[in-house]
Structures are given as structure tokens and as C-alpha cells.
Amino acid sequence: MKKELKLMKGNEALAEAAILAGCDAYFGYPITPQSEVLEYLSNEATKRTGMVVLQAESEVASINMVYGAAGTGKRVMTSSSSPGMSLMQEGISYIACGEVPCLLVNVQRGGPGLGTIQPGQADYFQAVKGGGHGDYKVLTLAPSTVQEMVDFVGLGFDLAFKYRNPVMILTDGALGQMMEKVLLPEQKPRKTEYEPWGSTGKTPDRERNIIYTLSLQADVMEKWNQRLQAKYREIEANEVRSEMIDCEGADYVLVAYGLVARICQKAAHLAAEKGIKVGVFRPVTLYPFPYADLNKLADNVKGFMSVEMNAGQMVEDVRLGVNGKKPVEFHGRQGGIIPSPEEILAKLEEKLVGELV
Amino acid sequence: MKKELKLMKGNEALAEAAILAGCDAYFGYPITPQSEVLEYLSNEATKRTGMVVLQAESEVASINMVYGAAGTGKRVMTSSSSPGMSLMQEGISYIACGEVPCLLVNVQRGGPGLGTIQPGQADYFQAVKGGGHGDYKVLTLAPSTVQEMVDFVGLGFDLAFKYRNPVMILTDGALGQMMEKVLLPEQKPRKTEYEPWGSTGKTPDRERNIIYTLSLQADVMEKWNQRLQAKYREIEANEVRSEMIDCEGADYVLVAYGLVARICQKAAHLAAEKGIKVGVFRPVTLYPFPYADLNKLADNVKGFMSVEMNAGQMVEDVRLGVNGKKPVEFHGRQGGIIPSPEEILAKLEEKLVGELV
Amino acid sequence: MAKVKGDIIIDIDKCKGCELCAAACPQESLELSRKLNSKGYHYIVKIEDNCTGCTNCAMVCPDGIIKVYRKTEKKKEQIATLTNVTGDITVTVNS
Amino acid sequence: MAKVKGDIIIDIDKCKGCELCAAACPQESLELSRKLNSKGYHYIVKIEDNCTGCTNCAMVCPDGIIKVYRKTEKKKEQIATLTNVTGDITVTVNS
Amino acid sequence: MTEEIIIAGFGGQGVLSMGQILCYSGVMEDKEVSWMPSYGPEMRGGTANCIAIISDEKISSPILTKFDTVIALNQPSLDKFESAVKPGGLLIYEASTIINPPTRTDIEVLPIEASNEAAKMKNIKIMNMIVLGSLLKRKPIIKLESAIKGLEKVLPERYHHLIPLNKEAIEKGMELAEKATVTA
Amino acid sequence: MTEEIIIAGFGGQGVLSMGQILCYSGVMEDKEVSWMPSYGPEMRGGTANCIAIISDEKISSPILTKFDTVIALNQPSLDKFESAVKPGGLLIYEASTIINPPTRTDIEVLPIEASNEAAKMKNIKIMNMIVLGSLLKRKPIIKLESAIKGLEKVLPERYHHLIPLNKEAIEKGMELAEKATVTA
Amino acid sequence: MNEKTMTVEDDLHFEQMIAEESVCTKENLVYERPETLTDATMHYCPGCGHGVAHRIIAEVISELDIQKDTVGVAPVGCSVLAYNYLNIDMNGAAHGRAAAVATGIKRVLPDKYVFSYQGDGDLAAIGTGETIHACNRGENFLIIFINNGIYGMTGGQMAPTTLVGMKSTTSPLGRDVATMGNPLKITELVAQLPGTYYVTRTAVNSPVNVRKAKAAIKKSFEYQKLNKGLCFVEIVTNCPSNWKMTPVQSNKWLEENMLPFYPLGDIKKPSN
Amino acid sequence: MNEKTMTVEDDLHFEQMIAEESVCTKENLVYERPETLTDATMHYCPGCGHGVAHRIIAEVISELDIQKDTVGVAPVGCSVLAYNYLNIDMNGAAHGRAAAVATGIKRVLPDKYVFSYQGDGDLAAIGTGETIHACNRGENFLIIFINNGIYGMTGGQMAPTTLVGMKSTTSPLGRDVATMGNPLKITELVAQLPGTYYVTRTAVNSPVNVRKAKAAIKKSFEYQKLNKGLCFVEIVTNCPSNWKMTPVQSNKWLEENMLPFYPLGDIKKPSN
């Protein structure tokens, strides 16, 4: 089968990628701006691969269906947008604790509350610090192109199974709605073999498999946590991904994830036209966050500005990475507004370039 | 009426304080280790002040009942523990966005997942960074004595109404279950006057009052966010509270909140016996976090160790405060285990004292 | 032509041209105009003078933009008979 | 005393002394012992030899710790009459 | 070559599909493309716009505030985006319905009476294709054949019998563009 | 004065209320007090313990690992907490049921046959009060009257007729403590 | 009325014309938009039943003169902006939680009239728990349930109430009972609960049905005053946009397809 | 059996004694703990019905020999540790979500036997939405609903099923209909839904009821094999600890108070 080049909407491309990744089941609930995922799958998936597609009665139900289905060792996913994702927080904490691999997609919109349906990035904290209770981590991928909306589905499932951990694609409404060229991967077969840990029916050759998250004994629960933490250290050692664009020789670095990183690139071009050397640092994995790369970068630049579609969230991680070596500024837009390249440059000049000369 | 001295369990003291604060309504759902709040109120409240006490069908329902009732301008509260709090995240985002003052109590237990019912502090991120979607802040108070479990109820309601913002008391199962002496405040009357913004029925003399969180227009939603952010700046300017114990002249500072801060004090006494000068820095408000105080303190000490009943959450805020000036170490226990004074001292010696001499 | 008993006023600028009123009108008095209002909708116009003021149209109008009027006609009662009138006369009915 | 037809075995160390078995036993065969087991519970003992093996006790035991046995007695049929025996004899019944 | 275009108008005028056709056509010619709609409540009956970028290089920001070409199909869109044309850029507007024409003089302004022309062709829906034709005349970003192929992708199968009519419309647009008085 | 005590035993032995009585009594005498139960699943039938601190100063940590006094009412508790007695501290244990006595020699060890004594007094429930009496004899942290008042607080109203019996038990405990062979 | 009668086409000056002649005089006014509706143009699609539902609620509030004592709860759904149209105090609940929000309000303001207004996705999918339990507790407020068999706001996904075989963006081949289950008659369910006092199903597709729906709402407020418990008024409506029909077609389709499955009338009548 | 018959008091050597004589021989064994129960001692309070319920589930699984094809879902409630006692693959759902978890499992493993085991707080309070919708979709699994009228695990708070007047830690004066509503008969509700195939109420307070409950569970698994849709078996049980009674008293109280309100028997019988 040859790979196919298509022009697709981000949401639909992501849904198509799920089918091609051999995803076994999707459970979700409509919410703008990501309903196309559920709709596309409702149209396409079952007839093509037999994939299960179920519109649940709520996001709370969706995430718990995911917990059940993924607990059998199948490739299972859900998607939602900000308010819906908030409703999933208890479930995500369970999934992480139970070490159930699965793929979660948050097509963020402007918040808080019901907010707007336009794009946002204000669920960063929720995704990477843990909106649910307890110490757990969700491996978080931030695509910045429609192509990555596709690629990160396959990657996401692979990482999820590698670490038996939930993986989240943290994207936004603009990426979900925009169209770009994508090269689709080949169709992967659906899973036929059981995972050794999956809850699928106890056969005589093995002990029973239980997916659970409780311990009555605090010391047992602490050991459990230590096991999780050890896994997280491993993820932090192996899976940090970031992209540096023109950071070599740059005086200033814009830090941004997802779509905003591309807008920052444009801003950097505009800056270059003005003779200001600006690089762009794009964390691709938000957890694990590329602290070390930023820290190293801090030795060679004059300052950083984190640009986000929120009131200042990732900037804290940037500061933790830079650890006081250089100033870290912030520019953000909220409520569904996307910053423009011109505006980013202006803010950079105002906050850093102006300050530091 | 004279103030009364009692020996009370933390949870019951908090419930009693709610009655005495003239709280108008409590909506909640049982969960260990905080069910005593609902139980105490079910026994005492209605007959004494006519306060509404309702066991809801779930935490999702509880928080939305709070939203409705508090949206009328009454003094309203709920309480829960970790998993239940996760289920409230969507509602809390709405409440913060709709600027509905109310009091939330999280008696944390060991997580993640169903976890244990023993005490924990692993919902720090959820509380102060925002477990729900969007940019919002919940003013977060961390009591460390049963007396503060009482005092922060009144304070919490006052702050909630001052800023029209949700306030959370972030405590843990141990504080909820332990008994100490408390001085109870006098009975405050229930509210009889309407707030000018409360949704209570439109009278001819005013425009209708609407509690809502939506804007179809991104620019309107951005202004809304800016208004919220301005309020948060004000809270950050006015409401930072912290306690420093023996930090004057200390070489090392233990940073801890809630009960753990008291254990750290004991550890500091043990250290003093060994000739190590250790102070304790206790953030009382977790949001707003006392960054500036820590930053100043960093000039005079050799290093910090954050001690938490989690895998490392508040330590990030400590690092943000210290901003690279001095090393910041971490010691944590998870899953419901409480660190002991001896262990804390040992870790301090291992991680800082040993390293830095 | 039947005696006119009712009338309606439509706030045409708010009309969305859904035609539910027209479908509900027993007198078939209403129809879409060919013109657009400022919102870009074809709006409803009365094309017949046979409105009875039954309020059906207003009942179903989702945008609540129809006012209905109805003349409560006094019942006619014969109070005198006038015959063989050949010249101009004035008759005044008291009350 | 009736003919013994059934019997039970209780895993007394797992017994929690709830007495539901005793309450369910139609023969009133069961009672709490005065001793404690290793878990600190008074456990159930059989005090009568009249068990019919009806399984009632096992049915209601929440801890599933009762085994029940029942002798399926062969129906007795008269196959011969032996009278006036004065000395020792041996009678063998085939099958 | 990089061409950054915004197309704006009423919901029903086909602004979104115009952008999509451009992008599909770009794909046919192996170019990099990006199509970014404004989405949200305004789509319900109100105004809509999309940004289409066609380029030989990788596209960074799909969100822009300045454009090589602005296509405005109604008055509010013209009012909103006239200032967004880069100096020296192109502004096309639907001249049969827009009453207040643009005033900038540092750009190329192309008025196209596309609605009138579409009415003449007895299908108001093809108005957008006329405008597209005008654009392609002025800026041959993509070839006509590619545009037709792009159209095939955007039009649902059941409307494919309308392709000849659409082609005609594009050609009509090209014709109009030639004749139009371009102010600059 | 600061007295740090842990009381441990089976769920039904009244270890939690013993600690509470101590604390209530402390309040009566205007002392600082802290009572911290172990809570959780072990409470259902299993073992339980509580830490009671009575002090003239403000109490920092209510959680401790070393104690001035350990009271162990069953074997597992003794096994678990023997090592938690501070050197020179006091260890009281229920000697009628505990078969393996403590072995430490750097502390004061007080075996009390409280269960047997309670059985003699025909109310096994007052076993804990006998032990309390022994403690108070050995360490008069609080006065007997205060303890009685504390008891009044802990006992639900409907059991107040049992107070004289409880008082008797405390006194019996004091008597036993006097007679007991203390090893140190 | 003669040929000069104003038609809406000759815009302008009609006030004067009315004054001059015709039946359009104040005393002849028999129907007018209620004051409890604001002047804002509703954002609903042309012909959408939400508008009628809003209007009759406003009429009832005006007629009972209870504006100052009424608090409404808007859902998340197409009617999310109900608070822009009803000139009363309102709360905008999170999706599905209107019954919980209304419970909160009513419990602290027991003397006020409280109602929630909810779509079928809101009430019968994500809000099932809150709905059932508010009904079961017999909360003393009114639930107005707008059943259009679809998720309107999000663009036409299947709702719990979508009819068998009915197409939606998430049931592209029509609702399939085997995988999606039957349409949920939640109104019949809540009628089973002793906490509900008056449960009825109405529609707003015809003048007579509009009048009945309004009467049901009015009765419900009257029962609320008497503390009778929960009243539940379902209104079967159309969604021309997502049903992909003209408004007139949609009302016909409603009559022919929705009403046979969701028959109109009282499901639980008050005992007295 | 003679005087030497072993009683459990004379511990030791009984194996031999059995071997020597008595009816306690392999061939006479008529009842034994099923293999599908693990050896772990259940953490339930003495006399708690959960134990019996577990046991009969295990018996059915053993008898049908479907251990290798069965996946169970444990709730959050006293039976949260069910996976420690049932020797089968299981998932521990979040509180109230067992029906959603079971849906997820069954949808991806349609050929397996799936069941959820849920308390009344879990199923009928926080899990109402998931319960109703799984039933409405006619998910092809079994829900076993343990109704003990109380929140056992958290220490005796009022449940949706708590009887009127029944005391709990959150209804200290007894359940008050005016503020807390009536006990919720969710079993009768789900029986109304076309998606449920077999809905029945059983109890485990007496040997005969235990046998009936077991038969209902067995039938349900058989129906599941035939893809009949959702089977729902309520088991009315006791909670001696929180009812503050001895186990024997609690079963009597159950008989006299619970069963009149929650009558036993089939509520929805399969058509064939």
C-alpha cells in the first residue's frame, strides 16, 4: 500500500490517522471544535476496519469506557475539548494509576467556563501538571501541523504501549479546523493478540489480570507511586522532544508550542528583516518538558519570551528550565484569540529587546 | 456570646465553623476522609441556623448545586476529597469564570486513582494551577492546625466575597481526623440581604443579573479573561500569607504547607539539637504563592528543601520563587504516608547539609 | 369579500422568513416578500385582507414579532325598521 | 435419634461468627463456640448430629467456608426374610 | 513564490470553498498550502472568512494579519480587511453589491461585478467561481486545470455535473478581470 | 512538660477513646493537646492506634515516631511499637493477653493484667480505663478529676451512669501500677 | 379594513396609518410580544422552536407577574443564550447540570420560582443523573425539556432522543438500535418517580399546541407556588437546520415522525 | 454418624477421622466453595451479603466453565476489592462508572462474558447516568446491583435506596421525603427501557433466595451468550455494620422492611 497525500482538516486527519493506526475503539462525546473526530469516525471507521465507535452519554462516561476497553490491552482513544476534558480528570487519574495505555486528544478552546469555541492553550497546566488528583503524568504531545496531527496518533499509541501510560495529544481548535497537506501512513492491522497484562478473561496458563488503582495500605500505595515515578523518570530520560528553529546564534528565543510556534517563526522572520536575531524553541513533548535543552540554550541567548494562547502557563516550565539564568518574559492572548506575528514581534521588542539594550 | 474552647476533630471543627460563619448552604457527597463534614452538618446545621444541607447524588452535582446556590449571593460551600475534587474541575472552572464566591474544601488523600484514604498533598497542582480548563485561579488556604481549619472558614468566605472568587481550603485527611483544642468564633447571622449581582429575581429597580461563562466572541472572552487576570493580580498583591519559623539566621529552610509544616518544625528542633540551623517557611496561601518572600529569603540561606506528601509539586513554586539563587531540594512521601521529623532531618542532611559543606 | 375583523403588524426587520406563520394562517393571508430585510432574510408580508385576528401566526412565530389586532364587533341588533325612504334623512342610534 | 444423613465441615479459622448459618439451619445444628479463632471471632460449631446435608447453611454463609456432605442412601428393599435364627450366620447381599 | 490570501464574505457566498479550491489546486501542483477558516458562531448565517496560503516553501504561520491578496465579497468584509492588504498587494471586491468602494491607493484594486454576472448565468452559487477566475487572471498562482481538479475535490460527487458550469464561471471571471479598471 | 504517647491495640479495645480522654483532660488543665488517630481500613476490625500529646507548650508535629510512653494492648502492637519508646521512656502493656513480653532494658516496662482485672470487674469494656489508671499512676500527666471530666466528654450521655465504674477502673489501674514489677 | 391597510412591505409611517384607521389600535390589540422578552434578536435559526418556547415562558411570567421572583437556568445547547432573551435573572449552567444548578438555587431561595430550560442532549444524555435525582427528590421547580431529537448546537449529532433510523452526523446511516440503543423516553421515566408532580408532553408546532404548551408551563408555576414538587414539561420541537429541512417541512416531519413516538399529553396528572 | 463425628471444636486430625468414617467423603460432597473464589479471606464485616453475592457469582462462573471468557468490573464501595476474591480478570472502575467501564470492555470483546458488580450508591447515585444509558443502549452485559440501602464503605450515609424513615449518618432523624426524596427504585426504571432484556430482584437473606439469586445470575450469563441485551439482577442485601444490627437481625429487618418496598421477583421477563 502506498502512502497517500491529502488535503485535510486537522480533526479529520487525526481521525483518519486513528483508523490507519489500527485503533480498536473510540469513545467520545460531541463538543466544538473537535466533533469532527467523532463524526468522521462514525462515517468511516467501522466499515473500514471494524473499529468500535461509540458516542457516549458524556465525557465522564467516555473516559471510563476508554478505561475499560483499554484495560483489555486494545488500542483505544477519546477526544474532547476543554470543558469536556475537565470532566475526564478523575478518569485520567485512574487510567494513569492503573497504567492503562490509551490516547487522549484535547482540541483546546478558549476558557475558562463555557468560554468560546475558538482556539486556546489554557489547558496546559491541566495536561502536564495533572488536572486530576494525585501524582501522575500524562505523556503530552503538541502537534503544530496537520501532518503532526496525523503522525502523533501513531507515535502516541506506540508510546502509550511502551510505557503503559496514557498519552495526550494537546492541540487546539485552529489546528483542528485548518487544512493542510498530509501524507497518510499505511493501514496498520487491528490488534489481534492480547497483551499479557490485559483484562480479557483468565486463562489457566496465567494469574488473573486486574486493572485497579486502590490500595488499602498506604505503604503499598507509596510503593506503587514509586513505581510510577520511576517510570516517569524513564520517560523523562527517553522521550523529551523539542524543535529549535534558528536558535543557533539567536539573541532572543521565542518559546511556544503547537500552532503558536509557527506564528512565532513568522515573527522571527519579521524580526530578521529588522536585524533582530530571534530563534524559536518549540517543545514537542510538553510532558516530559525539555528543561535541559532550554537550560543549555540559556547560556547563549539574552532572553526568552514564552508565547501562549493563555494567561501564562508554560512560561512557568520555561522559567524552571532557565532557572534564573536569563530573563523569561511572557506574551499571551486569551479567550480564543490567536496572536499575530506582528504583535509577537512588537511584544518581544517591548519586553526584551528594549529592556536589554 | 462568648467564644468557646473545644477539643474537636478537624473535619467536625470545620463543619462547626461553617455553621458559626452563617453559611447558608452545603452540598456534598460522602467520601473518606471527609465524610464527617457532611455528617456533622446533617446532624447540627439545619436545626441550629436553618442552613441548607443536601447530600447530592455525586460530586458533579454538588459543585453545580454550589454554582446555582452561590450564584444567588448566598454563602455556600462544599467539601470532598481527591477523586471527588477531580470530578468538580469543570464546575470549578465555571464558578471561577462566573465569579461566583464560594468555599471549597479538599481533604486530600493518597492518590492517584482510587488510591488510599490516608492523608496526601498531591492535589496541590490541581488546586493552584487549575485542574480545570482555562485560565482561572482559586484562592487557596492551607491550614496546619485544627484551629486554622476553623479560622479559614470565616476567612475563606470573606475572601470569596471580597473578590467574588472561589476559595479553597486545601487540607488533608490527617488534619481532618485529628483532634486539637479550638476556640470557636461567635455565631454570625445568616445572610438576609441580597448581593447586588446575585441571581435572585429581577426587580424593577435593576437590570437582570445573569451568572454565566460564555461568550460567542473571542475578543469579548479575552476582555473577560483580562478582567479576571486583573483581579488575580490584585489578589496576588493583597492576599499573600505565609509563616516563617526560625528563618532568621537559618542556614537551611524547610518549605512545607499544612500539617507537614508542623512536622518540619519538629525536624528543625531536632536539627537545632545537632547544631544545624534550620528554619521553616510555611506558605499559608498556596495561591497566591509567597514567591517574593522566598526570593528574599534566598539571599540569606544556603538552600531550601520542600517537604510534601506527594512526588514533588509545590517544589516547583519554591523553585520559581528562589529563581536559581540557591539550591532547592525536595523530599516527599506518597500514597498516604506522612513523613516523620527524623526522616526529614536525615534527608535534609543528605541532600543539602552534606552537599553544601 | 368578508368583513375585515383583524390585522397584524410584523416587525419585518426581525423576521427570518421561516414561513411558519404563513403555514399556520387559516386565512392564507401571509407570504414571503421577494425583498430582503437588513439581516438578509426574505420577510413575511400580508397578501390578503382577510385576517381574522385569530393570533395563530403570532402563536407560532419563533421570533415573537407579530402583533395581532382584532375588532370586537358589537353585535348588531335590529332596533327599528326604516322603509320607503325617498329623501335624505339622518338616523342617530343612541348609545 | 434420627439416622444421620448429612454433615458439614467448616473452615473455622475463616469463620466470622455471623451466625447466619445457624439461623438458616432447619435442624438447629449450629451454634457459636465460646472460643475465639485466630482472627478473634467466635466461630460456628455443630452442636447436634442431626444434619441432613440440606446445604442451607452453606448457601447463606457469606464467607463460603462450609462444605456439605450428604449420604445418598440406597433405598431399602426387602429381598428376604430371616426368621428364627438361633446361631451365628452370615448373610451376604449381592451387589 | 508565496501567496497569502484572505477571502471574506457572507456565510452562503462560498468563501470557505473558494479557499479550499485554491489549496487543493496548490496540492495538485505540489505546492505547500494552508487553509485556515474563521470558525465559530459567526458561521451561523453571519460572516465567514478563510486564509489560504500557497507557497513553494514550507509555511510557517497559517494565521496572518497582512495579505498579498484580499477578496471581499460583502461590505463588512471590505471594511474590515481593506487595511490588511500589503502595500502593493491586490484587493478584489464584489462590485455589484458593495456600495462603498475601497479607498486605498497604494494597492491594486479590482472590482468585479460577480453577482450580476452570476445572475446572468442563472446560478447565483457560481459567483465565487467568477471571483476566483478574476484572481487567477490577475495572479496566476495556479493553473486553470489545477483549479478545475481542485473543484472536483471540493464539490461533492453528486454535483459533479456542474463542473462545466463552474469552469465557465472561472473563465468568465478571467474575462471580467481583463476588462476591469484596475486602480493602483 | 511534654508527654508524647502512643496507644495501640485491637479496634474494639478502646485505644482511640483512651487517647481522647487524655486529651480532654489536658484541655481541662489548660494544656496543649493533640490527638492523631491512625485511620483507614485497619479500623474495620483490625488494629488501631492513636498518638496523644499533652504539653505545656504549643505542639508542633502531631505525628511522631518516638514516644515518651507506649501503651500496647495486643501482641502486634507491642511488636510494632516497642522500639518506638524513647530511651528511658515508659512501655505499658496488657499482660493478660500478650504472651511475648518486651525485651528492651533501656526503658521502664509496666505489665498490667488489665483484661483479667476487667473480667473480674464484670465489664471487659473498662479494660482501657484500668490501663489509663496505670499510666496516670506512673506519670501523673493529668489529675484524676480531670480524667473523669475528660471521660464525661468522651462517653455519650446515655452511658454516663457508667462513670463511677470507670472511675473505679482507673483507681484499680493505679493500684495495679503500684503493685506491678517495673523492669527498667 | 380596506386596501390601504398597511402591509409590512410599505414600511415607514405605519404608526400614523394605524392611528388614522384600521383595527390596529391599542384597544384592539389581542396579541403582543410579552415584556419579559428582551429586544434582542434571538440567534436561533429561522423557524426554530426554541424561539416559541422562550416566548411562551416569557408570556407566562408576564401574565403571572412573577418576573421579580423568578430565576431561570439556561443549559448548554442552542438555548445557551436564553438569558439574553428572557428578561429575568438567570444562571447559565454547565452542560447537563441545569437540574443541579436549579436545585441549588431553589434550596436557598425556596420562595422564588425556579425553572430550568434544557435540550435533549443536555437533559437526557450528560445530565441524566442530575435530572433523575432532582425529579426523585421532588425538587420544587419546573424543568422545561426541549426535545428536538438532535444535538442542535454542536451541529447535528445523535441525541438520546433521536428516532430510530433518523440520520445525524454521528449516525450517518440512521440510528441503529443494535449499537446505539432505542430513543430514550426520559419523560416517561421521570413520571415514574414519586417526586414528580406533573409531567406532560407538549409541542409548539401548531397554534393549538403552542397554547397547550403555554398552559402547561403556567400550571407548573402555579403548582410550584403550592410546593407541589417537580413539574416536568417536555416540548417536542424541530431543528430545521440539523434535520436539513425548511421550518415548515420540519414541523410536518415532527408531526408525522416525532409525535407518534413521543405522543402529546399529560403523562402524570396531578392528583388534585 | 456416631458420637465420634468430628465437630469443628476438636480441631486437628479431622482429615483422618473423615477418612475413617462419616459421610464426609468425596462422593458425598454436595456443596463446596467454588474454585472461582480465591482463598483470600474477604474483608467484609461478619454476615455481610456481599460475601454471598460473590460466592454465587463464582459458582455460576465455575458451573458454566467460563472463567477464561469472563471479565468483571468491580465498583467503588465495600466490594471494591471484589477482584481479590473472584478468581477472574477484572477492572476496578471509578465510583459509579462500572457500567461505562463494562461497556468499554464488552464493545471491544464482544464474545466475552462481562458483568459489573455495583452497590446502590455506586449504581443509583453517582452512576445513574452510566446505568441508565448502558441499559438504554442494551449493552450486552450483566449488571449485578447490590442494594443494601446504605453507603457501606464510607460508613453508613444515606443511599438513594435508603428507606423512608431509615436512619443513616446523613439522615440522622431518618430519611425525610420532603427534603431527601423517596427511595429510588432504579430497577423498576431500567426495566422500562427497551434495552434491558431481563430485570429481576433477588435477595440472599435465606437459602431459597440465595438459590434464586444464583439462578438469575446464571440465566443472565446464558442470555448474554445469546446476545439478548442487558440483564439486570438486583440483590437486596444487608449491611449489619451500618444498620447497627447483628447479621441475623439484619436479615430479619431486611425481610420485614426492605422486601415489602423492594419486592422480589422478575420485573421484566424475557419474551422467549
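In this document, chain identifiers A, B, C, D, E, F, G and H correspond to the written order of the chains, with residue numbering beginning at 1 in each.
Here is the rule we use: contacts are C-beta pairs under 8 Å (C-beta built on N, C-alpha and C of every residue); 3 or more make two chains touch, one makes a residue touch a chain.
All values reported here derive from a predicted model rather than from experimental measurement.
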Contact distance in steps, from chain D to chain E: 3
Shared chain contacts [chain D and chain G, defined touch]: H
Chain pair whose interface holds the most contacting C-beta pairs: A-B
Distance between the centres, which are taken as Cα means, of chain H and chain E, whole angstrom: 66
Centroid spacing, where centroids are CA-atom means, of chain A and chain G in whole angstrom: 39
Mean-CA-position distance for chain B and chain A (Å): 29
Sequence positions of chain F contacting 2 or more other chains: 40-41, 45
In chain C, residues with contacts to at least two other chains: none
Residue numbers of chain H (touch at least two other chains): 43, 45, 76, 80, 92, 94, 125-126, 128-129, 133, 160, 179-180
Chain B residues within the chain G interface of the complex: 24-25, 27, 52, 54, 56-58, 60-62, 64-72, 74, 76, 90-91, 94, 98, 199-204, 208-214, 216
For the chain B and chain H complex, residues of the former touching the latter: 29-32, 35, 38-39, 42-43, 54-55, 57-60, 83, 114
Chain A contact footprint on chain H (complex, rising order): 43, 67-71, 73-74, 76, 80-81, 83, 87-94, 97, 100-105, 107-109, 112, 129-130, 133
Chain B contact footprint on chain F (complex, rising order): 20, 23-24, 27, 32-37, 39-41, 59-66, 153
Interface residues, chain A side, partner chain E - complex: 5, 7, 33, 116-118, 173-174, 177-181, 259, 262-263, 265-267, 269, 336, 338, 340-343
